[in-house]
Amino acid sequence: MTSILVLNGPNLNLLGQRQPEVYGSTTLADIEAACTAHGDASGLSVSCFQSNHEGALVDAIHAAKGVRDGIILNAGAYTHTSVALMDAIASVELPVVELHLSNIHAREAFRHKSYIAPVAIGQICGFGAHGYILALDALRQHLLGRTSE
Amino acid sequence: MTSILVLNGPNLNLLGQRQPEVYGSTTLADIEAACTAHGDASGLSVSCFQSNHEGALVDAIHAAKGVRDGIILNAGAYTHTSVALMDAIASVELPVVELHLSNIHAREAFRHKSYIAPVAIGQICGFGAHGYILALDALRQHLLGRTSE
Amino acid sequence: MTSILVLNGPNLNLLGQRQPEVYGSTTLADIEAACTAHGDASGLSVSCFQSNHEGALVDAIHAAKGVRDGIILNAGAYTHTSVALMDAIASVELPVVELHLSNIHAREAFRHKSYIAPVAIGQICGFGAHGYILALDALRQHLLGRTSE
Amino acid sequence: MTSILVLNGPNLNLLGQRQPEVYGSTTLADIEAACTAHGDASGLSVSCFQSNHEGALVDAIHAAKGVRDGIILNAGAYTHTSVALMDAIASVELPVVELHLSNIHAREAFRHKSYIAPVAIGQICGFGAHGYILALDALRQHLLGRTSE
Amino acid sequence: MTSILVLNGPNLNLLGQRQPEVYGSTTLADIEAACTAHGDASGLSVSCFQSNHEGALVDAIHAAKGVRDGIILNAGAYTHTSVALMDAIASVELPVVELHLSNIHAREAFRHKSYIAPVAIGQICGFGAHGYILALDALRQHLLGRTSE
Amino acid sequence: MTSILVLNGPNLNLLGQRQPEVYGSTTLADIEAACTAHGDASGLSVSCFQSNHEGALVDAIHAAKGVRDGIILNAGAYTHTSVALMDAIASVELPVVELHLSNIHAREAFRHKSYIAPVAIGQICGFGAHGYILALDALRQHLLGRTSE
Amino acid sequence: MTSILVLNGPNLNLLGQRQPEVYGSTTLADIEAACTAHGDASGLSVSCFQSNHEGALVDAIHAAKGVRDGIILNAGAYTHTSVALMDAIASVELPVVELHLSNIHAREAFRHKSYIAPVAIGQICGFGAHGYILALDALRQHLLGRTSE
Amino acid sequence: MTSILVLNGPNLNLLGQRQPEVYGSTTLADIEAACTAHGDASGLSVSCFQSNHEGALVDAIHAAKGVRDGIILNAGAYTHTSVALMDAIASVELPVVELHLSNIHAREAFRHKSYIAPVAIGQICGFGAHGYILALDALRQHLLGRTSE
Amino acid sequence: MTSILVLNGPNLNLLGQRQPEVYGSTTLADIEAACTAHGDASGLSVSCFQSNHEGALVDAIHAAKGVRDGIILNAGAYTHTSVALMDAIASVELPVVELHLSNIHAREAFRHKSYIAPVAIGQICGFGAHGYILALDALRQHLLGRTSE
Amino acid sequence: MTSILVLNGPNLNLLGQRQPEVYGSTTLADIEAACTAHGDASGLSVSCFQSNHEGALVDAIHAAKGVRDGIILNAGAYTHTSVALMDAIASVELPVVELHLSNIHAREAFRHKSYIAPVAIGQICGFGAHGYILALDALRQHLLGRTSE
Amino acid sequence: MTSILVLNGPNLNLLGQRQPEVYGSTTLADIEAACTAHGDASGLSVSCFQSNHEGALVDAIHAAKGVRDGIILNAGAYTHTSVALMDAIASVELPVVELHLSNIHAREAFRHKSYIAPVAIGQICGFGAHGYILALDALRQHLLGRTSE
Amino acid sequence: MTSILVLNGPNLNLLGQRQPEVYGSTTLADIEAACTAHGDASGLSVSCFQSNHEGALVDAIHAAKGVRDGIILNAGAYTHTSVALMDAIASVELPVVELHLSNIHAREAFRHKSYIAPVAIGQICGFGAHGYILALDALRQHLLGRTSE
């Protein structure tokens, strides 16, 4: 069975806990539950991890090697500064889908730069929590394509 | 019934016509047919247009105002140079999903710049033809969310 | 009788058609009518053209050579990207007044750059539709000055 | 009666005093007289001030608060370097029309930058002494528009 | 009672332990004691935390939400590189005073850039250990101001 | 028989029509006739096309695929701004010789940048109308070399 | 008795005179009175000066040499452009505390640059009028430290 | 006996575990064993540490103060982003040799920048695992030189 | 008789008044006396002026027109920021020799930029007070050359 | 009889001596022989010189003055760094055709910059050894044109 | 027997001849003798050459082709400016170790740029004369590795 | 007796040999003769050298060590590109006066950069051949000052 790691970076643990009238009440737990449920429905084993520590995210990517078939990565702020995450992804040679809740290309200039992009297969951003579902579909399709080659 | 315009820009008419052993044999017609079929299956009326002319794309966006509910735009090379397309989208006030077949953030530096992004709701790139299906799903979900507000 | 071409670029055809409570209800037709009327009152033959196509604007500038005495050009978004329009103006050697509805120097940085400016006699921006009347006065005065030399 | 301050910055006191066969014989006194006359003819009370001192120009802008209805400002070389003038305009909250005798966008690169533009309603440049008349018309129209709201 | 977190970042644990004849003998413990004492004298409950780990600092900011009324943050070297700390502060919506022992604007160019500044209420730098006392006074005054609104 | 497309971009239709005492009286028709004649003399079938429209040039390059053996392209001002032309050339996989009448590297800085160069086999510039003859010779030699491999 | 000059630059004379419902009603006179009172309470002789003229501020710094023990300088807009003020401070060798009412590092990019910082002992910004009191405390502490060496 | 810390940063724990036919089968354990053996042979006590966590590396450098005589640091990706590591090295005042397996100056531009270099005595890169042996020799020689002064 | 203005800018009035053991005891009065004496000896009428006010320097340059034959200008810090002084020199069309006491090209980068240079005949820097004598010789020679043409 | 110098710069002496299966077996001697032969056939006296020394190339350009009618210059790597060659060409006032074997505009960014271009009549690149023949034709045509004026 | 060229560039002939109390008394002759001795001890034939002439260094690299097995290159100041040396190394296809006496990455910014690095196998810097011994070891190991493949 | 080397770089051997009606008829021999004569008159032994070779200029600077008391250096085009000359001057520790015939700061931007300036005592430019005389006076005065210390 295909196994996917959904990996979330700094500050994403706070989702839904502040100003629900503005940002909505969806929490990270809700997102992770939705990912698991969508995985169940589409034949994917989904496991989730979140950390505010750059090194812990690097460790998690290393640990996925040989265990997971692909990663959905919302690296949060580390997207824009972490060469270490970039190198970690390149090292484990797993397909990674880069994900952002907001449209980072429409925000401040320093958020346009991504160290994840050069080692990811693709990027989805701007669709909020629904983006995780799209990312699972995109990754599953990518893995099917590779299998059928 | 929700109506979506799938708009493709320069050089995309050549898809699948050259080196099918390399780029695959999917043509623009195939993509447009898949979009229409996926639309039928998910309650969307999909219509498609392609042009190599920047002005013709601006005209098409203008014409969508009041007729379509949203646009999926693969602006091709004009993504990186066209302030006119950016202004056209801003003028018609329709939700636009930016789409690219390849992961533009992993290619040449001049392809990292997008004039579409600041006026789009989100971006999907790197998933080939399957990206159009993801974009339709993303746009439908976005429109559902707005309706339910 | 002095003859002037009022040339408008991409997206200006949409003026007044959206959110009139915000942007006002002045349409491009209103502006063109006001230009013609002001021309009649001040001894200028005014003709107008608008296109969303960069090439069509280049063609229009070429066609003005030997037929018009000067051009008022609101190149819209092409102001910031079109070397072709710049070269077209230099080729026909007609006096051009650069015009913008908004104060482009107070907007995004990429709108501060004008390829039209180096080949224009002057620039008027920020005065809305009234700017066209000011531009006609400025161009008429410029042509009078040249005639009297 | 509407009252307008015509404010001129460094070196503009020398206008018309050197090489009249090249630059014309129009002096600053001529321009100020023309402004006053045009004001009389169009119902504007026009007063004029020139200084080579940045601080004196800041003082003049301060003094206009509550006394004038708007300012026509040719800040000369301070246009490109003076954050203090920018802040002064922002402080007094009077409408300012930015004016330049020459087309600054067609000159050296450092003259393309304007600290006045972000706090001005619009800019007129390249039309020589006639630009002041255009600026008075533009400002009067702007004030009329505000009154009629 | 108003509660303040004094948060120190990488390398600040070494204060006073090296070259006391050069940098003085004030240790981080001395600073934290002085902060607590000054808090006692001025009606503030002060607690302190230091870490060399970016993620641990993010965690500490998260944990302050709903528990502290404000934060004094000397982010050390992470000031110049951490988008994650910037986002953490924005997430918890607590007032933050940015503090540096040295005048960072008089040092190397890369230390002039602060990711903390855009989400802080103000910055104090260059006054050594005494800066913490000034920061407590500034934050208390800020909180009083908000309360009185 | 080897077939070559000579493709000219914006403003080149005006060649020889203005200031012949300055720029010479050679028109685009003269150049195209000289190309055809030189082609006849050297065993090349030469056809010519000019347009001021970026999209029309893209279309012409697409249409050359499978019909022409190579292209001589003077893209005029689009050389410096058109990613779409760059992508079109890459798509049709025909050898392209980049040509400019003037020495673009000795002109304004923005004319030093060429989007055509990375997808062209070589560049000839600065030799006026004679450059087209040199380009035909260069392209013929290139095609002979490929044939002989 | 320790003597301090509180020096304010361009536009600060307008404080509290506009939009008191937005910016508060604190005037420069209020600030200067608070500084004097705080000085009296803490054993400092405080005198104040404001000018919109860069040269007058340079003169004031020169005049402080041998008369004052230190300077609190809010250079306003000249902070970002005045090499002359920077050189003046370096010449008189008095300790200077740089002060800004707003957090300049959270505003436009051109306000992040300070010519005062390299010759100041420290910077306080973002705390409004209260910043002057903090600055007096910081400077007094700095002078005490020097005396005790 | 001279004591050296060999410190390795993010992703170096994966050495030799992937694609041994490409990158060779040398693991980090092999490198650390070789360092220890070379140390034994040349009179150096060598201890080793690796972490993917930036903060843990800062801690390790702090802990080396007073315990080790020098450090060989392969900071991996943190080389290019970590001001905190730079400051940590400056704080402990131990001689550091900067080491990289690959020639970082021949790779992507963002890898040319090193925050370690300004506080290191020298740099060795491009010699693979053998570089560690060279670095030990370089550091021993450096320490001998200092001792003999 | 040839008449020369020696014009000194901000902070130069402080020369020789501080730390004579470091900077020497030469005052501005000494320099001006030496200039006058050297002028007497070489047939030049020398007058001197110093101001800390940018506007006063602009005024002095204006006043020199028709009265002096040339100017020796040490613009101090305004060298690097004043477009107004640049324009003033261009306006009066007098030969100007740019002078600096120190070698500005060997100091901070922002002092390498001179707005005076493009409108000066030449520059002398790095020779201390003796530079004024060299500048007088250079200007006299320049004027002799022009006279003899 | 028209006399042409074919001047080759650093490393071009190695042509054809390494990896003939990759770069072809054409040596510099072959190219020089082809140039001489083509010169004989078209009425040009061709002489050739190569050096790896920048100064020797400058000397050769000086020596050509009054002896040659024009120069074909492949400056190799000095193209991108030598202001001295640029000045030498400007000094001797001979027409120079800039030549490169490869298409330098499609290679690394630092090879796009040419100090030769601003003082050359035109540039030919990307056509390998055949480029020399094209350059001879271009230069002969250029000289014919000048003669016929 | 393996043969190595030790190549030194401009100004290195002066080593040890000036201020021996500061820079040490090691001369270039000492270094070359140490290299030869170390070569003898480790089975390498070492020959040495130094020149202040860029062209002479290019010649020496050319001459090493087919004669030497590798080069140790301290290009001195030409490291930062010479594309010609870069191309020469690429042409002869010999392994090159880049060497610098000082840690160039800790010096002025213009010394961080190396044209040698992209064509070298590795870089050693900051270890003074001992660096040559390290470089010989590194090169020998590299050649052994290649032989054993 | 004080001994001075007057050192001239590339292309200066051509002075006075081309277009004497434009550039004057002063040759390098004339300048060198004038330098010698002025030296004789002011107690300086002057010797002269010119080369187009960067390496030869480096050699000449080396040779001056211990033989000359100072150098007047017109490095011509190498001023802007030669780190080697910069290092050579730093190595020999002789006072150097940088000289240029033209005002390099009023020419192209790439001529504003000088690698000589940071190691020279001062710069004289823009005064043509007379600049050499001024430079001799400046250097003599500098040497006198050092002697009298």
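Annotations for the structure displayed:
When the chains are written out, they are named A, B, C, D, E, F, G, H, I, J, K and L in that same order, and each has its own residue count from 1.
Keep this in mind: a contact is a pair of C-beta atoms (placed from the backbone, for glycine too) under 8 Å apart; a residue touches a chain by one contact, two chains touch by 3 or more.
Predicted, not measured: the structure shown is a model, and the values here were computed from it.
Shared contact partners of chain H and chain L comprise K.
Steps from chain C to chain I, minimised over paths through touching chains, total 2. One inter-chain figure worth recording: chain B and chain C are separated by 32 Å, centre to centre, where each centre is the mean of the chain's CA atoms.
Distance from the chain A centre to the chain I centre is 64 Å, each centre being the mean of its Cα atoms. Centres computed as Cα averages put chain B at a distance of 55 Å from chain G. Chain I has residues 53-56, 81 in contact with two or more other chains.
Shown are all chain pairs that touch, namely A-B, A-E, A-H, B-C, B-F, C-D, C-F, D-G, D-I, E-G, E-H, F-J, G-I, H-K, I-L, J-K, J-L, K-L. Within the complex formed with chain L, the residues of chain I that make contact are 103, 105-106, 112, 114, 117-127, 130-131, 133-134, 137-138, 141-142.
Contact residues on chain J toward chain K in their complex (touch as defined above): 9-11, 13-14, 18, 51-56, 76-78, 80-81, 110-111.
Those residues of chain I whose C-beta lies close enough to touch chain D in the complex are 53-56, 58-59, 62, 65, 81-84, 86-88, 91-93.
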